[in-house]
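Letters A, B, C, D and E mark the chains in the order given here, with residues in each chain numbered from 1 onward.
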Amino acid sequence: METLSTLTTPDWLFYLFAVITVASAAFVAFTKNVVYAAFALLFTFFGVAGLYVLLNSDFLAVTQILVYVGGILVLILFGVMLTNRSISVDIQSETLKFAPALIVTAALLGTLAGFYTVTDWFFGGPGAEITATSTAPNIGNALVTTHALPFEVASVVLLVALVGAAMIARRDK
Amino acid sequence: MEIKFLHIGILTWITFLPVLGMIVVLLLPKEQKQAIRWTSLAFTILQVILAVVIFQNFDRTLAGINSKEGMQFVEQYRWIDIKSTSWIGRIAIDYFVGIDGISVPMVLLTALISCIAVISSFSIEKSIKGYFALLLLLDTGMMGVFVALDFFLFYVFWEIMLLPMYFLIGVWGGPRREYAAIKFFIYTLLGSVLMLLAMLALYFSVTIKDGNEVIHTFNMLAMMNPENFVHGSLLEGVGTSWRYVAYIALFIGFAIKVPAFPFHTWLPDAHVEAPTAISVILAGVLLKMGTYGLMRIAFPIFPDAAIHYLYPLAFIGFINIIYGAYCAMAQKDFKKLIAYSSVSHMGIVLLGMAAMNTQGMMGAMFQMFNHGTITAMLFLIVGVIYDRAHTRGLDDFGGLMNKMPKYSGIMMIAFFAALGLPGLSGFISEAFSFLGAFQTFKWLTIASAFGIILTAAYMLWTLQRVFLGTLPEKWNNLTDINGREMAMLVPLAVIVIILGIYPSPVLDLMNSSANALVDFVKNSAGIAMLGQ
Amino acid sequence: MHSLLTLSLAILLLPLFSFVLLIFFGKKFYEKSGHVGTAILGIDFLLTFYVAIQKLTDTTNEVFSYSFTWVDFHSTIPLKLDLGIMLDNVGAVMLMVVLLVSFLVHLFSLGYMKGDVRYSKYYAYLGIFTFSMLGIVLTNNFFLMYMFWELVGLSSYLLIGHWYEKKSAADAGKKAFITNRVGDFGFFIGIMILWFNYSSLSFDHIYSSIAHGILPFGSSGWLTAAGIFIFCGAVGKSAQFPLHVWLPDAMEGPTPVSALIHAATMVAAGVYLVVRTFPMLTADALMIIAYIGAVTAFISATIAIAQYDIKKILAYSTISQLGYMVMGLGVGSYSAGFMHLVTHAAFKAGLFLASGSIIHAMHHALHHVNDHHTDAQDIRFMGGLRKKMPITFWTMIVFTLAISGVPLTSGFLSKDAILAGTLAYNHFTGQTLIPLIGFFVAGLTAFYMFRMIFIVFFGEHHDAHRLEHVHESPRTMTIPLITFAAVSFFAFYSFNPFSAGDGWFFQKTAVPESVVPQAVRAASAEAFGEELHHQHYLAMGLSLTMAALGILTAMLFYYWKKFSADKVVAAVPRLFTFLNNKWYFDELYQKTAVNGTIGIAKLLAWFDAKIIDGIVNGAAWLTRLVAVISGKFDHIVVDGIVNFTAYFTGFFGLVFRRIQTGKVQTYIIFALVGAMVLFYVYR
Amino acid sequence: MINQVLQSLPYIVPELIVTGTLCLVLLLSLMMRKKSDLLVFVAALGLFAALAVLTSQPFASACLFFKMTVIDPFSQFFKLVILFAALIVVLMSRFSDEVNQIKKSLGEYYFLVVSMTLGMMFMVSASNLLMMYLSLELTSLTSYVVVGFIKQSKNSSEASLKYLLYGAFSSGVMLYGISIIYGLTGTMELSGINQVLAQGSANTAMLLIGGIMLLVGFGYKISAVPFHFWTPDVYEGAPTTITAFLSVASKAAGFAMLMRALKIMFLDSSALEIGNEFWPLIHGIPVVEILSVLAVLTMTIGNLVALWQDNVKRLLAYSSIAQAGYMLLGLATISNEGYSAVMLYFIVYLFMNLGAFYVAMLISNTLGSENIHDYKGLGRRAPFLSVSMAVFLVSLTGIPPTAGFIGKWMIFLSLINVKMIGLAVIGVLNSVVSLYYYLRIVRNMFLHEGEKEEVAIRYPLAQQLLLLCLMVPTLYFGIFFNPLIELVQFSVQMFGIK
Amino acid sequence: MHITLTHYLLVSAALFSFGVFAVISKRNAIIVLMGIELILNSANINFLAFSRFGNLNMEGQMAAIFVIILAAAEAAIALAIVLNIFKRFNTVNVDEVSTLKD
């Protein structure tokens, strides 16, 4: 059993972010209150962003915070508010089929975790040296060359999402 | 032998004439009932005329069976031709028709029965346009089955009949028509999909030379030649288990149509519910397709399996004979009784075929023809009385003999023909079947021949219940048969009598083929066994 | 073709012509159709007379025969079905018999059937009957024999059921046909055996093959079997035990028909068949045949004693006499058996026609007194008719004497010869039972025949008023009677009134050479003939004694009334009921064969509708589904084992339907579980 | 680098045209709301133009956009099917009362349909897992919206929600699977994955996890058991036009993706020789077994449950599940022949299934009901419609002389060829079962009398013409299927593999 | 000890499982959507982890970006649909929205 003192700083940070992520995700999964869940989700997103940083993905971390926290979470909160007229009454969300869900999930987690620990991945090495260089230029390059087509498709997706959401959300009279 | 009109062979004409008729019928306005009827009749009569031409020009000495040279009025065109690819080879399907002694009586029978069915359908009043269109389509399907020499073509024709039949029973049938129709359809489809699989397996196992290329084929005649089987293919070799499986698949497909025990239960329902004309077609032609298929396809393609399973085949025939007769005896519905009698009579065909000798085969083939005419008469007879009395309960009648003498006279011919009275055609075919079968299966044949007693018993019992005794008051205003009904019954009666005394016209047609078939199956199986 | 054969062909076809003419144009002739039919038959009879005389006077005893190929199978092993006709002495005699009886019956019917509703049909049927009977006589092979055999059955069916409005008549016709079919079934098996082994069905070919030592399946046992199977046909047609039950019922037909078919010709066809197959019968087969004949003779004679219906008495006496014939042939007394056929044809046809005449008269009388309940055929209501119907009476006396075997009659000749035969047979084989039965039955025959005579013609009529209206029948009816009476005398068969053996008949119908292997052959014709000669006087003596005893007893009971029959009946009521009820054969068959068959039929039909349609129904479960969906066909679907598949698949479908809960999360769970199962299964 | 992007562009002209069309439709809908006919016209014209360009394009094989997507006969073929289906659906929508009642949103409707088409076109040509995911999501997102197009209808909204939840979840799982495969192989490009896998160093259990997760996504798209549960509910709730589109085009796209992924990823191309009946697969991946199980389950369950349905759309939904089962049979053969059989089946399926839905739509337009019992007596009231429905249903059953038979025939042919006789038997037995429920519709139309008075229903000529366009090929290809087979035999070629 | 690839993968596995749990067990459609976001995030962690431990293989990075984009689009549409459901059914409880079933 290792002691905490043997851990290096990035290791510390990993555990910190990992705990934040997993704990808040668990909270999302197990809480009955929708609003609490939304806030827990905020922490998850932050935790994940932290992990991204540790994974040397600065650009992604920033994007994560911008899009998820700034966009998606706000959307979700809107949703929560709009669909719960009186906050006190209907904000609770009971769990449905708790037992089967738990069993299935546990089996899934067990399977994944079990096989993760024994798998040799294609990327066997200890990982690249962390350099100060940002990934942003590379991503920028990729977006106009190798990933130009996905990029364009993604734009169509966004357009569709916009139009679609607008169409559905529009009041019909 | 080739006969062509407008550069199209006579077999194509006889097969597709009804489709032409159907188109004409569909183009006629719905209100023109008489026009629709007479158009249909005209086309079927034309078909009969073509059948007569075929009868006249058919070369009795050629055997056919497995040689294209022996087939007559052959037409062969490439229908589907897909150029070769590396993995599947070339797909080639022929429009290949021709007839030999096995098929020619069936072609004649089909033309005749179709024509009579049309006449008998004149009394139909409900949406007759659709009715006649479907009837004519059905006609094409049946004719096609009997002339096709390409398995794929055969299969297509085989299936084409299902739908018209479904509707004809389902729309114009009796009270439980829906049930009967769907039962018929599902049963037959079940059989035919098994046949489909066997057909596909054959396709991959057989190749022929086409020009310089060696291609897979659906050509039945090619399938009969063991040399055409690809080395290492599924059905190659002799007596391999897949060959037996394929034979059984084919057999079930055909047995359902025959219908052989225990696949027969669709028959009584279908017969009872179908309108008269359809019962006539069903019993007259459709049932023969099963036995015809066995003779044309199952026997020559799988001679080893056929020989191997002769006894079970005969045994099924035996069960059909006895079981059908017993079941018939217990019926209270006239039509159902005749339906079961069909089961019994088709059992004789199976038994005769299983004999695998000339007499048996000839008996079976002749019985197919005779059963077609005799049972058609019986159903028409029921139809006549049903039209008038609207009941078919055997116990509802009595004493019709006095009231309807002409009708009764014809009825007597039909009944006695059905119970195998000498002098009428049914006897000869039954006798030959039994005589032939006795050579192969002594005790089974004796047991089967017991059926002739049962047949006599239920037929006479029926005759007594319906025609003898005193006439119930309520039937006092029944009328004797009219000219139209005579027109459909008398030709059949005449055929039954003439063939009963002088069967050669029909026997000569099939003689060479029957011999060739028997010899072919025995020899190939024999060679095969030796070769092992 | 020999000219006589050509003529025979013409003889064969004339009645068919009569049939066709009357069936299609019967309406036109109507009243005259009887005359048309009779005229044609008259011509036919004359032709026959000529042919028969020519044939029988021909000293060479040549057999004329003509065959043609009816069906040629053209197979690798030559296989042809030849049909043809032949004419030999036996055939010529038989032709004569058939046409004489037939013609006279045609004649008799002119009066008897007058005014009948289906007068022309009746004559048409007589025509087809005669045709098919002649066919049997003239054929030279088993196939054609079988064909005509069945046709005879058909015409008998039609004629018995002539008055089909009566249920009993229709029933009787059906019974006759089906019972005959049972016999024919055996016949057909015999034919199959022969065809299998000889690839031919002509008598000649088969007999010569056997003579060359080719046995069916190589064994003499099969030869016996083949003979017995073919004899089955005779058992049916000649009403031998155990298929004799149809004949008494067949009396439902018009009386002339009974005379023609059920006394003289058709029933004799069976005997004729034995005659035809005689050369190929082994000793074992013959023994069985002899016993069948004897048993038949005995049983029916005992039954006849206890009957009151005049036609029933005659019917059982017919069966009994047929038994005699068969027994005669069985013991090897070939000519005697055949001769009894001929003589019996004449006197039994006469008896029937006479009884017809009586019934006819009774009917009239009953009709006059407006009595519609009394049975015109019951002898208890007759009596004292001797004065009123003299011709009938006297001819009947002649017939009765003949059947009882009183000397100077034809019956004496033939019967005596048969009895002598039984004695000879006893000598060769030690089968004592057969002569015992033979003589006992001879006595019984005399007894019951005279019982009938005394009751009907003597004594008092029990209703004098009715007797007033009884009249002798018209001439068309009496002429046949007289004719038959005439030919019932010995002179037509043999000039020696005490022995048939010297007459032309025995000479012309000598025993044919047996073709069976020596080991299984019955006593040879020479040895048998010699022994027959030895036994002749003993037989004559015994038979005369028995006949006299029989007649005497009958007189004691019914003429002098020394004993009361009723008392005897009262003394042994069980026996009487037993005999009166014909040994309960009908009941037995009804209970076993008929009910059994119908029972099986019902069972199988039930089985078919319920079980087969359930289990094997490729779409059995569909039926079930249909039932559930539309609720219409519940009655078709049966519980129990039947629809195991149905329930199973129905359940299966339902389960999967249940899963479709409409709750998306359930769907997701299922998808996940499915994926995980896939993973763990294929890991 | 940019050059390659530019060089790739000419190959995706049809996609570009479709993209242009969707922009145009959007603009038009913003400018003129009420001109629905113009929208239809523009959308149809755009699709038709794409179709025309596609067919006139030489059947080239090339790798585009840095192996993101490829152009090969296989993708061209499926694009053809999809575009054709889209064209028919657009025309169908013109006649749909359901769709046209919402005048306000028609512009968005056509926009979304065209977008969905675009997504599908990318799906069939994607050769990179990321690209697959993206295009799949494009298709899915649009379809969530159009399924709920009739906002007023509870059914439609509910279907939309269910589709969304199920779809989002499935694609999430699929994404996770992609990430695992990426981890195992270091790339998301299919042929790259293949090369790595061919070395045999990848952990098979993990690969199986990843593969099955991928399959969850594909299975959802093609509604294979047990990933099919959304299908009936969504098909029933969605507007009929969309149901038709989903059942044909979306399924085709899913199948194309699955087929490509299977073949490119798992085929051991080093061992491939000409004339092999089976493809050699990379060792250790039980593809055949899994596909066989899925196929059998899919068709059996689809058929069995379909027996119980009274709603025609729902019935057709189950039928389309069962049909997917037959197609999976073709896949399970893992042979070019099986592939071409599936492709043939799609052409046939295109006509017959669209036809069936089209008739169902027309009938529901007039009767306002999709219940099978309300179809009674239609045979007399609307003979042409009923007859064509019968033709489509018979074709779906697979009885000659309809094209459906040829489709089934080819599939069984391929099964027998590789000696998968057990599967073939199950397949044919299933088709017998399916007959029963297909005939239920026919039976109601022809064998039953309607309860109400029989008034003939008349349909405008244009609607009948469209119907004819679907029915004639269904019959024609049943008899003359030469061109079909030639087409699929050519089209089965994928980029880089024979 | 060093933080290895497996550590990150385990975190992602946990995140994925909680996401799945939320999706299949929560009545409230919005929490279900949150669960889906968790699943997407877990996939992203995988991508980036593989990218990081594979010498900054760019494909993972790019995938993560597109996933984030798609997540946003999906969220927009999802929320719109949920709002619409709320309008029709007056609830966002998934199990109450089940009129379509066999």
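Basically, a contact is a pair of C-beta atoms (placed from the backbone, for glycine too) under 8 Å apart; a residue touches a chain by one contact, two chains touch by 3 or more.
Only a predicted model underlies this, so the values are computations on that prediction, with no experimental measurement involved.
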Completion exercise
Shared touching partners of chain B and chain E are C, D
Exercise for the section: Identify the chains in contact with chain A as well as chain C, in label order. Expected result: D, E
Problem - Between chain C and chain D, the fewest steps along chains that touch one another - result: 1
Practice task
Point out which chain occupies the most central position, where each centre is the mean of Cα atoms.
Solution key: B
Completion exercise
Computed over C-alpha atoms, the centroid farthest from that of chain D is that of chain C
Handout entry: Farthest chain (mean CA position) relative to chain A
Key = C
Exercise for the section: Go ahead and note the Å separation of the Cα centroids belonging to chain A and chain E. Expected result: 7
Fill in the blank from the handout: Chain centres from averaged Cα atoms put chain C and chain E apart, in whole Å, by 96
Fill in the blank from the handout: Separation of the C-alpha centres, chain A versus chain D, in whole Å, is 32
Fill in the blank from the handout: Rounded to the nearest Å, the gap between Cα centres of chain A and chain B is 72
Problem - Residue list for chain E, restricted to those that touch at least two other chains - result: 9, 16, 19-20, 23-25, 32-33, 49-50, 54, 57, 62, 66, 70, 73-74, 77, 81-82, 84, 94-95, 98-102
Completion exercise
Among chain A residues, those touching two or more other chains are 96-97, 100-101, 104, 108, 111-112, 121-123, 146-147, 150, 154, 157, 160-161, 164-166, 168
Handout entry: Two or more partner chains touched - positions in chain D
Key = 130, 134, 137, 141, 144-145, 148, 151, 160-162, 165, 169, 173, 183, 186, 205, 209, 232-233, 305, 308, 432, 436
Completion exercise
Listed by label, touching pairs are A-C, A-D, A-E, B-C, B-D, C-D, C-E, D-E
Practice task
Enumerate the contact residues on chain C facing chain A in the complex.
Solution key: 665-666, 669, 672-673, 676, 679
Completion exercise
Given the complex, residues on chain A that touch chain C span 96-97, 100-101, 104, 107-108, 111
Handout entry: Footprint of chain E on chain A - complex, ascending
Key = 2, 6-7, 10-11, 14, 18, 21-22, 25-26, 28-30, 34, 37-38, 41, 44-45, 48, 51-52, 54-57, 59-60, 63-64, 67-68, 71-72, 75-76, 78-80, 82-83, 93-98, 100-102, 104-106, 108-109, 112-113, 116-117, 121-123, 125-128, 135, 138-139, 142-143, 146-147, 150, 154, 157-158, 160-162, 164-166, 168-169
Problem - chain E residues touching chain C - in the complex, by the definition given at the top - result: 20, 23-25, 32, 94-95, 98-102
Handout entry: Footprint of chain B on chain C - complex, ascending
Key = 23, 70-76, 79, 117, 143, 146-151, 154, 157, 161, 164-165, 167, 170-171, 173-174, 177-178, 181-182, 184-185, 188-189, 191-193, 195-196, 597-598, 600-602, 604-606, 608, 612-613, 616-619, 622, 626, 633, 636
